[in-house]
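These are the structures, in structure tokens.
Both of the next two complexes hold subunit A, though its partner changes from subunit B to subunit C.
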Partner chain A sequence: MTRPVPPKKNPLLRTQVPLLPPQPRSLRGHLLIAAAATGRFALQRCAECGTVAYPARDACSECLSPDLPLTDVPAGGTLLSETTIRNTADPYFRRLTPIRQGLIQSDAGPQIIAFLHRDCTPNGRVTLSLKLDAGGQPVVFAFPEGPAAPDAEEDPILRELTADPLHARILLTDGRHPASVALCKALLGAGAAHIFVGVAERWKPSAQIDALAAVEGVELIDLDPRDERSVMDAAADLAGKIEIVVNSAYHYRPGSLLDSGAALRIKDMMEVGALGLVRLSQTFGAAMMGRGADGDRPALAWVNLLSITAQLAHPAAVTYSAAQAAELSVAQSLRGMLRGGGVRVVNVFHGALDIDWFEQVPPPKLGAGALSKGVVDALKRGLEDVYLGAEAEDFRERMDQNPKEVERSRWT
Partner chain B sequence: MTAGPRQAYRDVVLTVPVTVPYQRYSIDAAHWWFGAALRQLSKASGISHKDMDGLCAASFSLAPDSAVALTQHLGMSVRWLDTVPLGGASAVASIRRAARAVESGDADVVACIAADTNHIDSFRQSLSNFSRFAQDAVYPMGAGGANASFAHLTRNYMDRFGATREDFGRICVAQRQNALSNPNALMKKPLTLDAYMAAPPISDPVHLFDCVMPCAGADAFLVMREETARAQGLDFVRLTGSIERHHSFPEDPVQERGGWARDVDDLYAMAGTSPQGIDVLQTYDDYPVIIMLQFEDLGFCGKGEAPEFVRSHDLTFGGDFPQNTGGGQLSTGQAGAAGGHLGVVETMRQLMGQAGDRQVSEARRGMALGFGMINYERGLSSGAVILEASA
Partner chain C sequence: MQDNQTPDTVLTALAGALASGGVQLVDLTRTLAPDDPTIVMPPEFGQSWPVRIERISRYDGTGPAWYWNNISFGEHTGTHFDAPVHWVTGRDLPRNSVDTMPLEPMLAPACVIDCTEACDKDADHLLTREAILDWEAQHGQIEPDCWVIMRSGWGDKTGAEYANLQADGAHTPGPDAEAIRFLVDDRNIQGFGTETIGTDWGQAGHLSPPYPAHHYLHGAGKYGLQCLTGLEALPPRGAMIFAAPLKIKAGSGSPLRVIALVPGGTD
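== the complex of A and B ==
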């Protein structure tokens, strides 16, 4: 973390326009997105003969089986040859030259062409990773094997593939999220320059808001995502100088479908969640989209904290599930929109939080510290879909295997 | 499965080498270049294009058309038609296919034409969607294009066999000297080894003069039986041997040899000759490292000996090892798929005594090579033909 604080932007200079690296991929090539989004190194592996296929194929070149599922494979490799690309016809990469590229003999089998981290040594060992590029498409990046050197995260290509909060100015949209203090401390600990924390109805007394105000580097602002005027006012002041948004809108109430007022309750929760996200997208999102390549301080990422109930309704929280599902839908659209500006949308899914509302839920529950650590980790690694805590991980694995099983067992 | 014996070519000849002068950029479509080449073929042979009954077309820039659309576009009515999308190996493949067609009587006169245009943004567009593997797994990692792919081959060759930049430079300098006697070469200025060494790096260790310059152009010739050529009163060269191979040696971690190494004995046996019997050689030269692989794989020297070979031989048309006597693509320009045809028409001109100022004396037997299609991390296609003077 020795990169100096970027100088103040000169408003007379042109703001660099966001460009995207080459985006087209084959149908099978898209398989790798799933691995890159969650930080796994997985390639196609033949279910019949075990041969690892790369680049993505439609048939195994050894046995011609079409059964080539995405499978976790060893990430090691040896550098066979390298080049430094100094000249390219692609406008996006022209900004990034010189670019180190390696031809790697992977331990998994195939030769792999990858970006090389600046610390990789000639003919040395490397650890391969799948990353998402600025447009969200999969690329391969090779780290030197072994512990990372100091400032390893400063590799210029790696910075394009991640959203390190170092020196970033951050908007945390809802200071009343139960993990807001821990989130701010974790982000500041990762080098964030400043965190603006939105608080609706600041006149309401709150020990948590008082605690936030006491954190150095945190600045409370008036922001009520339910109120279009409030969002526009905040954006008018800040939208052009935010690199990371953490959408922490949190309004949890349990309830069943037969509760009187269930519809009204969904509406209330959607005002904060889904509709709040719409209002934030139209203001802060639009501004970030134009700043994806803004010099030393490009807009980096938008994090949405979501419950796994967004993906599958929970009987104890029917109305909340509906509101979360709506918010996830808006988040997906926001991801599609911000891709054009090279800004990542990270959806962080969690189970029950370790707070009063979930007193009756047995552990494991997710604490504020683990949630915050997970958010910082996702940004630094450039992840797109993150499942935090044992409950969310269990949910993901079971959904991958058989979503109908999860649905039935939840609702019996 | 054992390979059966190959049948020798019976009286297959190549005639009428034509070149539509290359241009760095062209506002015209590939079709214009095909039309210009066909017109020259017709004029020079005295055979109306309407009477040519075979067409073999190679192009990267003909989309959305293929060869069949050209028949209508250019007013041909052929009974034998092929499109050869093999990049730098297209010429060799075209000759092989056309040869068997005329031999068997499926066609009498096959026009083999490679033509490509080059608009101002064509090159970037063709790099970005060159192949599915390149699109998925090469281009997104820095968009280095062919320069980066060949940089890996070059780096590996230097590491393994001790080649230096000067060795590659000797090839480029000799070819430039050859090009100065070729009016069609786009490079008109002499190149010194000092200038070669001082050129800016493009994708280390590949520097500026290691790279071909994309351009527009067309090269073409006719394939027919000897009796047809004699009846038309056309000078010709005989086809005596050929090989073709795709995706050879996948077990090599980095490409150090092409398919030639696998089939070279077959080539010389078919033509009844040896490396010593080749008077003039046209290698496929998109990058000098590939020339070295060809010197080795075709038996002009042993594996790993090409650096020493270029130090001890004069590669100009007046030298002891005349190679790429018209300047090759490195000094003429790379007109897309015509890059492979360039070596064929140059070999024909040398064997027919039509090479003007750059004529190699006593050129009786020549070899033209093809290489192409960096589908992923290596070139997949390789081929060779041996041609002999008619008299």
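== the complex of A and C ==
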């Protein structure tokens, strides 16, 4: 946290238009998006001979096998050579010059051209990572091996590949989310400048809202994602000066498909979740999309807190699952839209939270602290899909292996 | 109707009085707004929707020359009417919903019991049978088929102050069980009205029976009016209240515009 607070925007200067780096990738190249989105360093490894491939290929360069699954590989490497790009015809990269790039002999096998962190030394050891660029395409970024310098996060290319909340003005959409206090403290602890916290129906008393109001750096605002006018009013004041949105809109009710009132319950939850996200997208999202390159304070990211039931219905919370699935769909569309503005959409998936509604659910459950830490970590690492807690991690692994097994085991 | 009056002359006289200000119209309705407090049930129960207003078009691409909205709300939102079917005690009565109820109760005289001083001192103020008898001693006996309105001053409040929710529930004034039984059994009123979110006391779940206003009123086929405002314009007696709920099929209640006809100046 060494970067000084950015100066106030000069209102006489034109706001830079968001630009994207070159986006085309091969069909195989898209494999690496999945790894970059979740923070894994994974490349194609030949299932026949074990050769690791980079860039992504259709067939193994050693044995011509087409069986090249994405596999986690060692992330170490040695910098062989480097160059500094001082001028380029590409409009996006022109803003970022000078740019260090290097040829790295990876421990996994292939030689890889990667962006170099400014602290990488000639012929030194590096740690490779897959990152998503402003347009959501995978690139390789090399960190120097060993402990990071205090200002390591200030590397200009790394900042393009992440959404560090340092000095960011943040909107937390729902102060009644059970983790809202922890989220605010974690984001402020990571250097966030100010957090606007939306509160619907202020007339309902809440010790949690009182606690939020007492946190320095937090400002409560009237915001009800269920109400079009309320969202428009909040956006009129704030949409032009928010760098990160954390959509914490939360309304959980358990229930079966056959319960009386199930449709009404889904509707209530969708008003908060999916439809709330639509309203927030149309206002805050649209404004952020135009601010992806807004000088020293560009719009950075939009975080959605989602349940893993968005991906697979849960028998104990069928109505909630349906509402979450709808919200996930909207979130995916928002990601596609905001990508044009260089703003990343981070979907954070969690299992049962450690709150009253899940009292009867056996551990492990996700606490507010772990959720908050995970959100900050996802922003700082530039992740796109995050699974927090043991339940969500297990869900992801099993879904990767055999989604039908997960479906059957849940419903038998 | 006096001997020298016919329906024609009564209505003509009313029209003249309305035009001259001899009879004034007073709006007793809160504005239907998304942020106005509504009844809150424990989270495991179903909830009544607050007011939602979604724009269909406003002279734009979705309707170039016209502005209109879709609205949604629960039947018991804002200034609203309770029909007997709303409560379990009134479920088997004839014509117990807003679409089947008779028309006559929609225009009826009102007796207004001013409790503002007591309610100002105590949010948990209870209207008692004795207080009603005291009112009658001053203003005359309450006649059958009229509205009895409890004026608490609550209609001037908004937001958290209006709902006044504490850790143990709402704290708002209302009638006790004996007062309601007296009004229903001994005075045969047509309904009871309040400025608060319900016809019942805020803590009425702890009375016996729970929610006595709902219990006795609707069990006897009587009506409820709540979330009224502007009651300071009403005399203790002499006003007429026009309260016609929306004709919702099998509806248990409805938001409505409540208008009082009030004797005006003599000039």
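Convention: the second predicted complex is superposed on the first by the 412 of 412 C-alpha atoms of A that agree within 3 Å, B and C clash if a C-alpha of one lies under 4 Å from a C-alpha of the other, contacts with A are read in each partner's own complex, and residues count from 1 in each chain.
The working rule: a contact is a pair of C-beta atoms (placed from the backbone, for glycine too) under 8 Å apart; a residue touches a chain by one contact, two chains touch by 3 or more.
All values reported here derive from a predicted model rather than from experimental measurement.
Shared-chain residue A:83: touches subunit B; no touch with subunit C. With both complexes placed on chain A, subunit A has more residues touched by B than by the other of subunit B and subunit C. Once the two complexes are laid over each other on the shared chain, residue contacts for A:203 go to subunit C alone; subunit B is not touched. In the superposed model, A:261 lies in contact with subunit C only, and not with subunit B. When both complexes are overlaid on chain A, the residue A:26 reaches subunit B alone and has no touch with subunit C. Look at A:56: by the touch rule set out above, it reaches subunit B but stays clear of subunit C. In the superposition on chain A, contact of A:296 is made with neither subunit B nor subunit C. In the superposed model, A:226 makes contact with subunit C only, not with subunit B.
Across the complex, subunit B meets subunit A through its residues 123-124, 127-129, 132-133, 135-145, 147-148, 151-153, 155-156, 159, 200-206, 253-254, 376-377.
Across the complex, subunit B is touched by residues 21-22, 24-26, 28-29, 54-56, 80-90, 92-93, 96, 99, 101, 103, 105, 111-115, 123, 133, 137-140 of subunit A. By the touch criterion stated above, subunit A contacts subunit C in their complex at residues 201-205, 222, 224, 226-230, 253, 261, 264-265, 268, 271. Contact residues of subunit C toward subunit A in the complex are 34-35, 37, 40, 43, 46-47, 49-50, 52-55, 159-160, 162-163, 165-167.
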